[in-house]
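Letters A, B, C, D, E and F name the chains as they come in the text, with residue numbers starting at 1 for each one.
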Amino acid sequence: MSFFMNNAANQSVNMQNMAMAEQELEMVSDLFNRIVSSCHQKCIPKTYIEGELNKGEAVCIDRCVAKFFEVNKSVGTKLQQMSGAGLPM
Amino acid sequence: MSFFMNNAANQSVNMQNMAMAEQELEMVSDLFNRIVSSCHQKCIPKTYIEGELNKGEAVCIDRCVAKFFEVNKSVGTKLQQMSGAGLPM
Amino acid sequence: MSFFMNNAANQSVNMQNMAMAEQELEMVSDLFNRIVSSCHQKCIPKTYIEGELNKGEAVCIDRCVAKFFEVNKSVGTKLQQMSGAGLPM
Amino acid sequence: MDFSQFNDAERNHLQRVMEQKQMKDFLKLYSGLVERCFTDCVNDFTSKALTSKEEGCVQKCADKFLKHSERVGQRFAEANAEMMK
Amino acid sequence: MDFSQFNDAERNHLQRVMEQKQMKDFLKLYSGLVERCFTDCVNDFTSKALTSKEEGCVQKCADKFLKHSERVGQRFAEANAEMMK
Amino acid sequence: MDFSQFNDAERNHLQRVMEQKQMKDFLKLYSGLVERCFTDCVNDFTSKALTSKEEGCVQKCADKFLKHSERVGQRFAEANAEMMK
């Protein structure tokens, strides 16, 4: 995401757009944080024998992220069908 | 809660009232969310055999909500006695 | 923290300072709340035989707070080394 | 909460506040439901795709939670009305 | 935090911020205590009213938590003062 | 998110918002990591100082979590890119 800070001075900031963009950023980072915590729970035993990820943990994380996205999609579809609302899914 | 949007234009909004009203709305919705999560924990087994609520779960939910309100009241009374503060309970 | 509300009227409030001060207050209270919840988990059995703290619980709380601060420091050092950023630790 | 104490402009303001809050609550319901049903239903990481058992569990978990939340809403409203008397 | 670095107007501002925060923290203490003591003490859903055992447990749970929180506060202040040296 | 739809002033604004968010996220990572590794590693309250076993566990727990979080970040970016197609 590269930014060009040149003739910004004389342009106006549409606060409505900014609020929408900030909400989308918030949603993406919330989804990320929930995957980090859920997949830590599922894939990382609490014995902490070493600080590196071993093979099994790494493979589990990859599959866990993929499955979380699937659940995210199927619950999203269910809620959209029910509410008929256009959701920034 | 029905709203009449007629001659609103020329009236002023007392922000102090609005902040108080918003805080009360926040408290009511926080209480609701805590009851939903506590009573799900107490009444809904995680086996999810079917999507409907069965008789036992429905009866448990009704009793759970009633008991939660009782605990809410008794802890509220205790805190008010201790702090002597007038609380928007 | 004693405050003198005398000639405040004609002084300006530097909002940058206020934001920093508020963030530091937020961090101190967040740390306190996390210690209260973690040390309750570690030191207070859920049987609640009486409302007072017994000897063992009191001693456990003192040691738990001390150990939490140690962990707070060692994780802080690790993150600072890794990110090289000056952190309001 | 008794809305009659507010004038129309204030009621408009509160209406907008509540609409924003409803949107935020809906997104919280959504993300909470995904996390809850993932935790309760998905435990097999021998493959990248949901098993049919897991998919079925997620659907029932979501349906059950929504029915549960609806019933709590009814009892909640009744209990609140009771308190207002 | 060293308050001497601020002028009176700034100290007034911080004072108001802290009063709002104290009110918010008190409401968080209250709702957290209700949820914690309900979870730890209420497990019998064969009736709608709290049993005397449950009511007793809630009172002791709340008292114990407040005493616990008070003691953590003392040790916390000491540890913080230690760090400021 | 497609940034080309915004003008330079808006992109500057979002850049500042994201920098503040990154600072807040970093502090959340820090406080979350302290709480998680304390919970998982510290269980011996017969003394006030961390045992060497506890200290070692905290270091590995923190390293492991950061490696875990990094790997999730990679898979997350790939999955998001996949969805944008």
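Assume contacts are C-beta pairs under 8 Å (C-beta built on N, C-alpha and C of every residue); 3 or more make two chains touch, one makes a residue touch a chain.
If you're wondering where the values come from, they're calculated on a predicted model, not measured in any experiment.
Listed here as common contacts of subunit A and subunit F: no chain. Least step count on the touch graph, subunit B to subunit E: 1. Comparing the centres of all chains, each the average of its CA atoms, the largest separation from subunit D belongs to C. We define each chain's centre as the mean of its Cα atoms; on that basis subunit A and subunit E are separated by 32 Å. Note on chain placement: the centre of subunit A and the centre of subunit C lie 29 Å apart, centres being C-alpha means. Those residues of subunit C in touch with two or more other chains are numbered 43, 62, 66. Within subunit F, contacts with two or more other chains are made by residues 41, 59, 62-63. Beginning the circuit at subunit B and passing next to subunit E, one meets the chains round the ring in the sequence B, E, C, F, A, D. Of all residues in subunit D, only 26-27, 29-31, 33-35, 37-39, 41-43, 45-50, 54-55, 58-59, 62-63, 66 touch subunit A in the complex they form. Looking at the complex, you find that subunit E touches subunit C at residues 1, 3, 5-15, 17-18, 21, 25, 28, 40-41, 57, 59-65, 67-69, 71-73, 75-76, 79-80, 83. Residues 27, 30-31, 34, 38, 41-43, 59-60, 62-64, 66-68, 70-72, 74-76, 78-79, 82-83, 85, 87 of subunit C are the ones that touch subunit F when the two sit in their complex.
Residue ranges of subunit C in contact with subunit E, taken from their complex: 1, 3-9, 11-14, 17-18, 21-22, 24-25, 28-29, 32-33, 35-36, 39-40, 43-44, 46, 48-53, 57-58, 61-62, 65-66, 69.
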